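Think of it as A, B, C and D in the order they're written, each chain with its own count starting at 1.
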Amino acid sequence: MSSRSLLSVETVRKAFGGLVAVNDVDFSVKESELIGLIGPNGSGKTTMMNLISGALKPTSGTIRLDGEVISGMPAHQIARRGVARTFQLVRILPSLSAIENVIAGAVFGHVRAWGDDAYREAEVLLDRVGLGRRGGAPTGSMTYIDQKRLELARALASNPRLLLLDEWLAGLNPSELKIGIELIRDLREDGRTIIMVEHVMDAIRSLCDRCVVMSSGVKIADGSVHEVLSRPEVVTAYLGADDA
Amino acid sequence: MDILITGTVLGGTYALIALGLTLQYGVARIMNLANGENLVLACFCAFWLYSTASINPVLGIVLIAPGAFVLNWLIYDFAMKPLVNRAKNRGQLEVDSILATFGLMFIMQGVMLLVFGGGYYSYNFLSEPVQILGENYGLNRIVALIAAAVIALGLYVFLYRTRYGTAIRAVSVNPSSASLVAINVERASAFAFALGGALTAAAGALLSTFYTFNSSMGVIFTMKALIIVIMGGVGDVRGAVLAALLLGLTETAVASLIDPGLTLAATYTLFILVLLFRPQGIFGRQEA
Amino acid sequence: MTRLSEKELRIAVLAIVGFAAVATIPLFDDGYYLSLSVNIALYAVLCTAWTLFSGPTHYISLATAAFFGIGTYTVGLGIDVLPFPVLLVIAAIASGLLAGLVGVATLRLSGVYFVIFTLGLAELVRQVVTWLQTNFTNGVGLYVFTDMGEKHIFWMLLALAAVVYVTGWLINRSRLGFAMRIIGNDELVARHVGIDVARAKVILFVVSGAFIGVTGAILAPRFAYVEPPSAFNPVISFQVVIMALLGGTGRLWAPLLGVIPFTILFDQISSRFPNHTSLLIGVAFMAIVYFLPRGVSGLIEDLRKVRGDFGSAAKAKEAVR
Amino acid sequence: MERRTLMKTFAATLLAGAVLAGPAVAEGTIKIGASAPKTGPLAGGSAVTYWPAIQLWVHDVNERGGIDVGGTKMKVELIEYDDRTSNEEAIKNIQRLATVDKVDFIIPPYGTGINLATAPLIAKYGYPHIAVTAVTDGVDEFADRWPNSFWTLGTSTAFATTLVDLLKGMRDAGQINDKVAVVNVADAFGIELANAGKPALKDAGFDIVYETSYPLQQQDFAPIISSAKNANPDTFIAFSYPGDTFGLTKQAAIADLPVKAYYVGVATAFPAFAAANGPAANGVLGAGGVNAASDKYQDFMKRQIEVTGSAPDFWASPVQYASLEVLEQAITSAGTLDKAAVIDAIKNGTFDTIMGEWKFDHNVIRKYWTVGQWQDGVFHGVASTGVGGEVAPIVKSGWN
């Protein structure tokens, strides 16, 4: 691959007291790449996402976005530089309508739209995630998948350079899953750069160019999906964690 | 040296004022703005017992504290529990309890005004000097300091060394998890609130031996107590005692060495510094 | 989002008519009812300004007395030197500045700490002002003698109220207002959509503090004699919190619903039962807390919802047919 | 919807207010209004000095059958409001008294600040404003500004300078030496007194060996007393407020502060002071004073205890009562309830009060008590601006 790397994570470590959740991890993501960040529960994936998005600050190490150091910046600054995310446990804004939820993503971040522009853009995005014409709906009564769609639309509203999806497919039933995978594939075809933390292996297999595997805070593998998933240490890490 | 002793004595007084509130706020989660009124009411009771039945205020605690315990249990049961049950989250309870205890403060003040009037009260008990290292200190203050130490120690032993105390601490850390391990949270909260009230009343009885009080001055005590409780870390007995001592020493040092006009400024500066550098209180743990 | 909707126009017209009507009060009564109106206008401004910040952020600020006192003191110190309008501007700047400093230092603290901190702040400012005056000037009291009477103060407060409402409305329509709504919903999300949460809060706190400062400045001529205990009276802070919470903090107009009935109620209690004021106010208070858990505006919204539910049920029925 | 509800709420409240506020007017009575703290920081003082004296006066007048107004006796009806020690409330109360209750006369509020805040209003409605509990150097300025206002308790400067004169006398008699400690509460009265007192002390050749101020509502005085003690003065002066007056004295007794003259400010004259300090009170000097041995005062004290159940202080209580006697006599001599006529009568009349004969000089009483001293359970006036009847001061001998 010849394109330059958009995100580079360099020996990043995060310790909570004595517990090292992320242990000197290195990896990089190239422009328009979709990588999977996988690993058993508690392996530090979500912490890694939080470090990239600025929800947490690394104890040591550097994270660069397009060459600029973003580690240590507050979350809103990182967001303004074009990193958007969804959350492991879906977080919508309950007292705002659906379309306002989407507009929220468009106003303050990488794109700073306001007024009618933001509104039109948000309608397009709602349509795209499959919530067309439901912009006025109260968000509290939405189904889980719809809330997830809404959250994705909010993340996309800022036209992010890097999109972080934290178990966005988790908890969906098989038919919803299919729709979800299609949606992500669609985004990838647009050339969007995405990191997805995911447990759903089918999704990883069918979507990702590459994946990074973490176990107990350490990166244990990094490479093409097929190759990485057949490595013995990855298999042990998974089986060990899942079966025990 | 003089400053150290005077400061410690003052700190002991502050600890007395604050210990009750730290339980009420830390465990029962009621930010009790009527705390000072509770204390002043106890002052009046001690005064009344002393002047009509000549009951020694220190012994009077034996009557006053259980009385306050019952009163506060009733207050919790009738006035606070509906709010606790209604509140969806901690913030809601905080707002509601501020409002409700603000009302309670007025009621208690009104009752005291009716019964005792608005004038100043003061009486003499143990106000004889004792010499420590060549300086005179009021015996009643020394007694209060000792009592503060006894009460704080007793409370510490109760909270950290007994089963029920541990249960109460569990409630203070996390009420919903506490109920999962078969702790009757409602009862524990009521108990903590009542115990806090009793401690405050005991403090009032002791303070009445050397403070001049009237019906309207409860709010002064409430403010001091709130500051100490927050500085020490909500619900933390050790923290509250330490904060009280720190405050007593700082105020005395500032008054003696710099200017008595700046003691309150020193109090709040100290308070602000503690908040900025240890927002979880002196002993508090960082929230994950 | 930027155009005035028909509904907004209607409200604007109503508000203007309402303000004009209220502004005529001094023409009808120059006595007690005017003074009562001044007190209502005073707390209406204070509570609304307070709610500008505390409504969306859910922070309970007890610093009202600090900003109010700074405003009052600005006038007390400058009344013989500078024209009154200039003093109002200085009061706004001074209290806004203080709010900014405090905001930068403390708005990352969580709720309770902020409450106590702001309470401490008012006391601290009072102490420092007293100490400075004691040590560097003669006496603590300042005389503010002007030709302004109750009606002038009333009109000024009313004008300020209009400014506060318009500002609040503009904020609500702006990015800042939208940001505050998001922050009120979920701070973490707010940060991740690129909102500088701390900055937004500080800005609002400054705006709110500046308005409170101006209110204090307007009130100074009414005091005639400005001294720290009355200018930095902590009771002001508490009353503002309580009236605002009783009214409700969800809407710009909600605090007014707390201020008007409760000022009148408390006034009735204190004039009917001068010797039992505390007791009865306490009882009234507790009753309100228990029976109006979401404030007056909450009650109104509940009533509206009941109606709305009937309405939508009817619509649903129609749809089924 | 919300508009309608709002209007309804508003209308209902107004209506309720109007119904409740219907005053009961009795024929042939004089309505007199009073607004002062019953709650709040100043309530402690007004509960001793203000309310009982008024209550006694109303009782006395009505027992006599009322005030003689142009030949007919009119009884007095008192309307009282609590100002909660707040300027806003006080202003509103005065407005209510003037425009809703339409009282005939107003007894001015308690405390310097609130007296000044309400003075413009009282002037606007043309009521006589006989201020009692307001001690300030501005009296002449205020009397000029509000010609309806009368000032009875004196000026801060006089309180300080007469104290210095008294101490000078004691020093010249060899009872005390030059060394003085001066502390004051950082509030209006305390600061004014300190600002007037310190230069006067220096001029009189005293040596101020310790001076400081402390904040309002200070509760602990150990550092102040021990610093003062270390400076080793013969005289200790505290320009203090009620809470601190008690606190300082208790601390001084415990520390056995070895001074020969000990002065504390407001509330020294309260009966509770003697009760709280027992024998330690003996020899304590304080602000105020009265001709305590006089029959008039003794009689006043006895009756106030009888009627109201609370003992008067030895300073402003009798002055408060006297101010009402002035009002009564002025009404009678004017022969009408017309406010302007009564103001005129106060300006020019001579009044026989429990404080002796009073005549206003440019609206100000110039002869008043300034320093008193506890001697054997009674707080005798020991210095004044020429009232007469001062008792000789005694040297403080220990704290037992």
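Just a few scattered comments:
Convention: a residue touches a chain if its C-beta (ideal position, glycine included) is under 8 Å from a C-beta of that chain, and two chains touch if they have at least 3 such contacts.
The structure displayed is predicted, hence computed values, not measured ones.
Comparing per-chain C-alpha centres with the mean over every protein C-alpha atom, the closest match is chain C. Among the other chains, the CA centroid farthest from that of subunit A is the one of D. Computed centre separation for the pair subunit B/subunit C is 31 angstrom, with centres defined by C-alpha atoms. One inter-chain figure worth recording: subunit A and subunit D are separated by 74 Å, centre to centre, where each centre is the mean of the chain's CA atoms.
Subunit A and subunit B have Cα centroids lying 50 Å from one another. Distance between chain centres (mean CA atoms), subunit B to subunit D: 35 Å.
Counting partner chains per residue, subunit A has no residue touching two or more of them.
Touching two or more other chains at once are residues 38-41, 186, 213, 215 of subunit D. Across the assembly, subunit C contributes residues 127, 130-131, 134-135, 275, 277-278 that each touch 2 or more other chains. Taken together, the touching pairs give a contact graph of some other shape, not a line, ring, star or complete one. In this structure, the chains touch in the following pairs: A-C, B-C, B-D, C-D. Residues of subunit C touching subunit B in their complex: 58, 60, 105-106, 109-113, 116-117, 119-121, 123-124, 127-128, 130-131, 134-135, 234, 238, 241-242, 245-246, 275-286, 288-290, 293.
Residues 1-3, 5-6, 9-10, 13-14, 16-17, 20-21, 38-41, 80-82, 84, 86-89, 91-93, 95-96, 98-100, 112-113, 116-117, 119-120, 124, 138, 145, 186-188, 191-192, 195, 213, 215-216 of subunit D touch subunit C in their complex. Taken together, the subunit C residues at the contact with subunit D in this complex read 14, 29-36, 39, 42, 127, 130-131, 133-135, 138-141, 143, 145, 149-150, 222-225, 227-230, 233, 235, 257, 260-261, 264-265, 267-268, 270-272, 274-275, 277-278, 296, 300, 303-304, 307.
Residues of subunit D touching subunit B in their complex: 37-41, 43-44, 46-48, 183, 186, 212-215, 217-220, 222-224, 226-227, 242-243, 246-247, 250-251, 253-256, 267, 270, 272, 275-278, 310.
Interface of subunit B with subunit C (complex): residues 31, 79, 82-83, 86, 91, 94-96, 98-100, 102-111, 113-114, 219, 223, 226-227, 230, 234, 259, 261-262, 264-265, 267-269, 271-272, 275-276, 279.
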